[in-house]
Amino acid sequence: MALLEVDDLTVTYGAIRGVSGISLTVEEGEVVALIGANGAGKTTTLRAISRLVPSRGSIRFAGRDLTRLRPHEVTALGVVHVPEGRGIFPRLTVMENLELATWTRRRDREGIRRDLRRVFDLFPRLEERRDQVANTLSGGEQQMLALGRALMTRGRLMLLDEPSMGLAPVLVKEIFSVIQEISASGTTILLVEQNAHFALKIARRGYVLETGSIVLSGPAGAVAANPRVKAAYLGA
Amino acid sequence: GCGKTGGGAGGGEVIKIGVSAPLTGNIAAIGQSTKNAVLMAEAEINEKGGIDIGGKKMKVQFVIEDDENKPESTANVFQKLINQDKVIAIIGSQSSSATNAGAPIANDAKVPAITPWATNPNVTKGKKYVFRAAFIDPFQGYVNAKFAYENLKARKAAVLYDVAQDYNKGLAEVFRDEFKKMGGEITAFETYTTGDKDFSAQLTKIKGTNPDVIFLPNYYSEVPLQIQQARKLGINAIFLGGDAWDSPKLLEIGGKDMEGTYFSNHYVATADVPKVKEFVTKYKQKYNEVPDAAAALTYDAAYIIFQALERAGSLDRDKLRDAMAATKGFEGVTGTISYGDTGDPVKPAVVLKIENGEFKYETTVNP
Amino acid sequence: MLIFIQQLMNALQLGGIYALIALGYTMVYGVLQLINFAHGDIFMVGAFIGLFLATYLKLPFVAVLLLTMALTAVVGVAVERVAYRPLRTAPRMSLIITALGVSLFLENFTRATVGAAPRDFPALVAGATWDLGGVTVGSVQVLIIGISVGLMLILRYVVRRTLLGKAMRAIADNREVIGLMGINPDAVIAATFAIGSGLAAAGGILVAQAYPVIEPYMGIVVGWKAFIAAVLGGIGLIDGAMLGGFILGFTEIFVAAYLPSTFRDGIAFAILIIVLLFRPTGLLGRPVSTKV
Amino acid sequence: MPLLEMDRVTMAFGGLRAVEDFTLRLEPGELVGLIGPNGAGKTTVFNVITGVYRPTAGRIRFQGQDIAGRPPADITRLGIARTFQNIRLFADMTVLENILVAYNFRVAYGFWRAIFRGPSFHAEERRLRDEAMELLRLVHLHDKAGYPAGSLPYGEQRRLEIARALATRPRLLLLDEPAAGMNPAEGQELMEFIRWVRSRFDLTILLIEHHMPIVMGVCERVLVLDFGRVIAEGKPAEIQNNPRVIEAYLGEEEAAG
Amino acid sequence: MAARWQSLFLWTLATALAVALHLLGRAGVLSGYTVQVLSLICINIILTASLNLVNGYLGEFAIGHAGFMAVGAYVAGVMTVKLDLPFWLAFVAAGLAAALAAWLVGIPAFTTFGDYLAIITLGFNMIIVNVITNIDAVGGPRGMAGLPKATNLLWVYGTVAATLIVLGNLVRSNYGRLWTAIRQNEIAATLMGARVKQLKLTAFVVAGLFAGLAGALWGHLIQYINPSSFTYIKSTEILVMLYLGGMGSLSGSVVGATLMTVLLESLRGLGVWRLVISPLILIVIMLRMPRGILGFRELSLGGLFRPRGVSRRAAA
């Protein structure tokens, strides 16, 4: 049984369809890429999984039905969503941002301390700026904070929404290597990206979303080799 | 012009009298007393079979509306009472600011109106159909000044009053002018605004001027706070106030701090006058509290109308108005009331002293 | 000089009360960006709850204070649940108007049920006054200043240091993401209302000790003053509310003391406006430069 | 005469010098790229040019006039228009209305005629509408004229923002990351569009972008900012191989590819 | 143009109705009470619609509208009572004086925004009331009585029509577009070349002017003015009518003001419970229709709702 099973998912915003009837699965330990043009419905899919928007169809995580839950309950089960635009708390410090992510296990002081160490080892720059207010961080640092915060929640499945958006090329590379590291340490990842180039490089499988429907799926290499994908998303 | 349509009130069986009362809003407590008083008067007169109108006994029904103590709302209430309920006369409202908005409407519609307690001279001025049951501010201010100067032998007086209320301000100014005229000195003339609870700054200032008396022409809900705070600051002057002090609440809230203070009033609830005794006993029985000035004045206003109706012997509003204007020596709870050329009664004021937790008669001042 | 010191004491007492009530105002604002017009009425409800506890159950001061804070917190949370929570995603203004509705409802419901007559509030602490070389200080005064400052410090600690406090600050920035941290935003908001209402209730009891007359409309003026104090200091900021409360108290006392008191409100407002002209987001508010 | 001249411009926020000693000359008709790491100060440069911030030091001349510190509205009226890094459309207004707003300072009727609506009012409104529709047709948004701007897909919102900027009839157009959030194919399209806009409206363009293919494909000259200072300037090909730029911004692989 | 004929028809209808109502009132067919309530509805519409310009279209949060109403009421009152001038002159002067006051208030107020602006407008409201309370020449807290009964249905109806025409024309012009643009994104509006401060001030002054006219009508309807009628309590009443009807919608203002006034009048029979029930009704309406009854929509002739702006895409 897959860790995440999405079946026949439909989300509507009034008359507008966000996604219509998509199905996808993510196995334990995998990195799965979800790529697609602007407005294809990638963000919508992630938001439905973490219950930020209501939807029709079924969403199961580790065998449990998520559709009846509220976002904080989904998070408590181990689904960590790093939203589009990072969603850091601008007026809190770096440290406070990280601390908030430990709410669901606030008694586990020892574990929290160890995870904090891990985050700081992964992002030494965050440790340097632990007492800085988050909105004065640069874009790349903010993205690191968002990832670090997700690590503090210690989920089994991480939903990443365009972690490379608006970053300089050097930073894009840095972020992707971090994602690989996170995956290597055993966290399952569903990665939404415009930057199909990178996404398909680190993913095992990929889905292509177009105007709310999945038009292509398969092993990452195969998806990347598809001529349509090449033309539209890889700029070749 | 529909002065003659009064007879249509309620199909001839009941006489409808309108009441515009501040049931909610900043002086809602006075509205409550108003309502209590008219309901009591209504029950009394109807128990006796009603009012004798030209040989026919008719029952009375009060139509009570909330005017929130707001001018525009009072105007609406007056219009509604006159046009919709077709009342023969109106009691209300209580404050001058509300009544000032209602009175012209009643006057224009030629519906007799009597306000129990609006004391601003303007309210009745030039309005043939508008009366009041209370004496006016200039008289009461004079009474206080005279009492302070002559009876208390005070020479230095301070005043603390609510600048946003016409009643308070009116009394304060008359007191100041009269007291000076008599030869006294006003050492401080301090203000606050409605809703304030802290008067410490003003009182501290007053304390520095060392007055013999402090005049507090304010409502009974505020006066105890003012006196308590003054005592806490170590002020030893004699406190003096007006008819807005008259409520059992004054003693309840103020307790011992009220001892030895004086205020002018329309009547003494403890007086050995049958009329007063009867009223106070009945009211206590019915509502389980001692009537305040609002209740007493409203009760008198109701009876002024009852008697005038009986004398007019008709449901014609013009005749009723003439009968009201002709009121002479009406023995009310708040004293003997007679109208002269205006709608303002000629009536004496009394000064009460608070002693052993009771209002005690001190003296009477005639106009 | 003595008079000046006396006025200073007066100002401390009034300022402490304003600050305490402004705190509750600002907390709710900080979390929901809601100008909670009903806050002053929650304060009034607190005073009445205190009255019933004190007169019918004859409880001692500390018990009245704590129990009232708890019960009023329940009222605050209930109001939030019924009237504000359904409007989470609605425009801010509809929430403000609903708050106005709640305010009118609480006032007039109290008036209709317990009556309009002002009630006297029993003294729960021994009313001693001390004369310190010409300056009189009352036990109630000391109590008010002490409890206000104490509650403020506790609150400041909670908001700055505890996880709940951090969640409160964060929720104002992004309510959605709070859920993604595994935190139930509704619970945090409810907690905020509970604390804010509890503080209002404490204010109600203390005011009733210092000025022992309570009536259903007593919250209106106080509510507005607390709002003004909160804005003056920088709305949404704990320290701002304290500062704003004390400044408002000091202004009112000293204007009344040294200038013609007739113009006190006018002058107090003029000062407020001048402050805002120079610091358009309140004394402690950081200028919000929207990053372009 | 250069169209825009910035001379040793510095913009400090408290202790932070977001832009330092920035000097730039733009000749009419040029298309220049401005790149650099996040937080390098690129957007801040736009903000001082358009008057959103008053520079701490330095001179800015546009068509020979000193504009440093003048109100943004005046600067726009002089002929500088921009788009925003995070889209700032009037989201609930229609596409057409978004364009009409940009005509505001060219409207021929004043306050009283707006109230009394003579025939001239209606004529002017009709003229404005026609002009706006014409512009929308050019950018292929005319069939969306009645839609709320916020309901458009992202790419079209970007296009509308550029169209709205064009409606102020600028001489200089500043584009802040117009390709952000676009995939390579869309980026390609945008590149064509920018080229076309420049020649059609006879513009000078300054472009901030992180998508290297676009910058390299469309710009004639590129400036690289890091920590508020220009660290390199030159033709795209030169920049791509500049070791400082590779280190600070591009990273190894990109330079190679 | 169809739209123009439609509005012409509408205004003809409105005028006819006004004249008819007035004549009915004079003929005694409409009772004094009905006339009174109708007049108050109209005055409330003027207040609400004018505030809508600032709070609805421009998107600011001004909460001191009653202050300008007070200026109008007192200027007009002084002119008719103390100077014995004709009402129409007092009416015009009231509008101008309130506009001037709004200009003076607006200059400092618009250096800030949001809730700080709210406090400044409220502060000026209180200062205006405080000053009037201290001017003995106009009666101080005692107020000013004996204003001539100049306000009749013709006057209020005419003013409502004029208000709605003027405001309607403004919001459907370059000005309205700019106000809306400022509300939606002030920085973008500035960078479109809009002189934002000046535009905000214009809206504020226009709103003040009509509030002043409403004040003059109000004073000469009630025939008595008192500073305590114009405190923040009045200001919040106007706010409630505004947001109940809906922001950014003139027909919303008409609906909000009418509904609120009629509701409060019709509940009179409930006594003290009236003000318990009516806020409950308000809360329920706001919970059901959070944008107000007609928020950002106009009621048009065919009874159709014309939506202005679909729900905005959640900011990402």
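By written order: A, B, C, D and E. Residues from 1 in each chain.
The rule we apply is simple: a contact is a pair of C-beta atoms (placed from the backbone, for glycine too) under 8 Å apart; a residue touches a chain by one contact, two chains touch by 3 or more.
Because the structure is a prediction, the values reported are computed rather than measured.
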Chain C reached from chain B - shortest hop count over touching chains: 1
Chain whose average C-alpha position is farthest from chain D's own: B
Centroid comparison with chain E (C-alpha atoms), farthest chain: A
Separation of chain A from chain E, taking each centre as the mean of its C-alpha atoms, in whole Å: 50
Chain A and chain D, separation of their C-alpha mean positions in angstrom: 32
Where chain B and chain E are represented by their mean Cα positions, the distance between them in whole Å: 36
Chain D: positions in contact with at least two other chains: 52, 84-85, 151
For chain C, residues that touch 2 or more chains besides their own: 108, 111, 262, 265, 292
Junction residues of chain E, two or more chains touched: 134, 187, 272, 275, 310, 313
Chain B to chain C touching residues, read off their complex: 23-26, 28-29, 31-32, 163, 190-198, 200-202, 204-205, 207-208, 220-222, 224-225, 228, 232-234, 249, 252-253, 255
Chain D residues within the chain A interface of the complex: 36-39, 85, 151, 153-155, 177, 180-188, 210, 212-213, 248-251, 253-254
Chain D partner contacts - residues on chain A that touch it in the complex: 16, 37-39, 138-140, 162, 165-173, 194, 196, 231-235
Touch list for chain C against partner chain E, complex: 35, 37, 83, 86-87, 90-91, 93-94, 96-98, 100-105, 107-109, 111-112, 224, 227-228, 231-232, 235, 262-263, 265-266, 269-270, 272-273, 276-277, 280-282, 290, 292
Interfacial residue positions of chain D with respect to chain E in the complex: 50, 52, 71-74, 76-77, 81-82, 84, 88-93, 97, 100-105, 107, 109, 111, 114-117, 121-122, 125, 148, 150-151, 164, 168
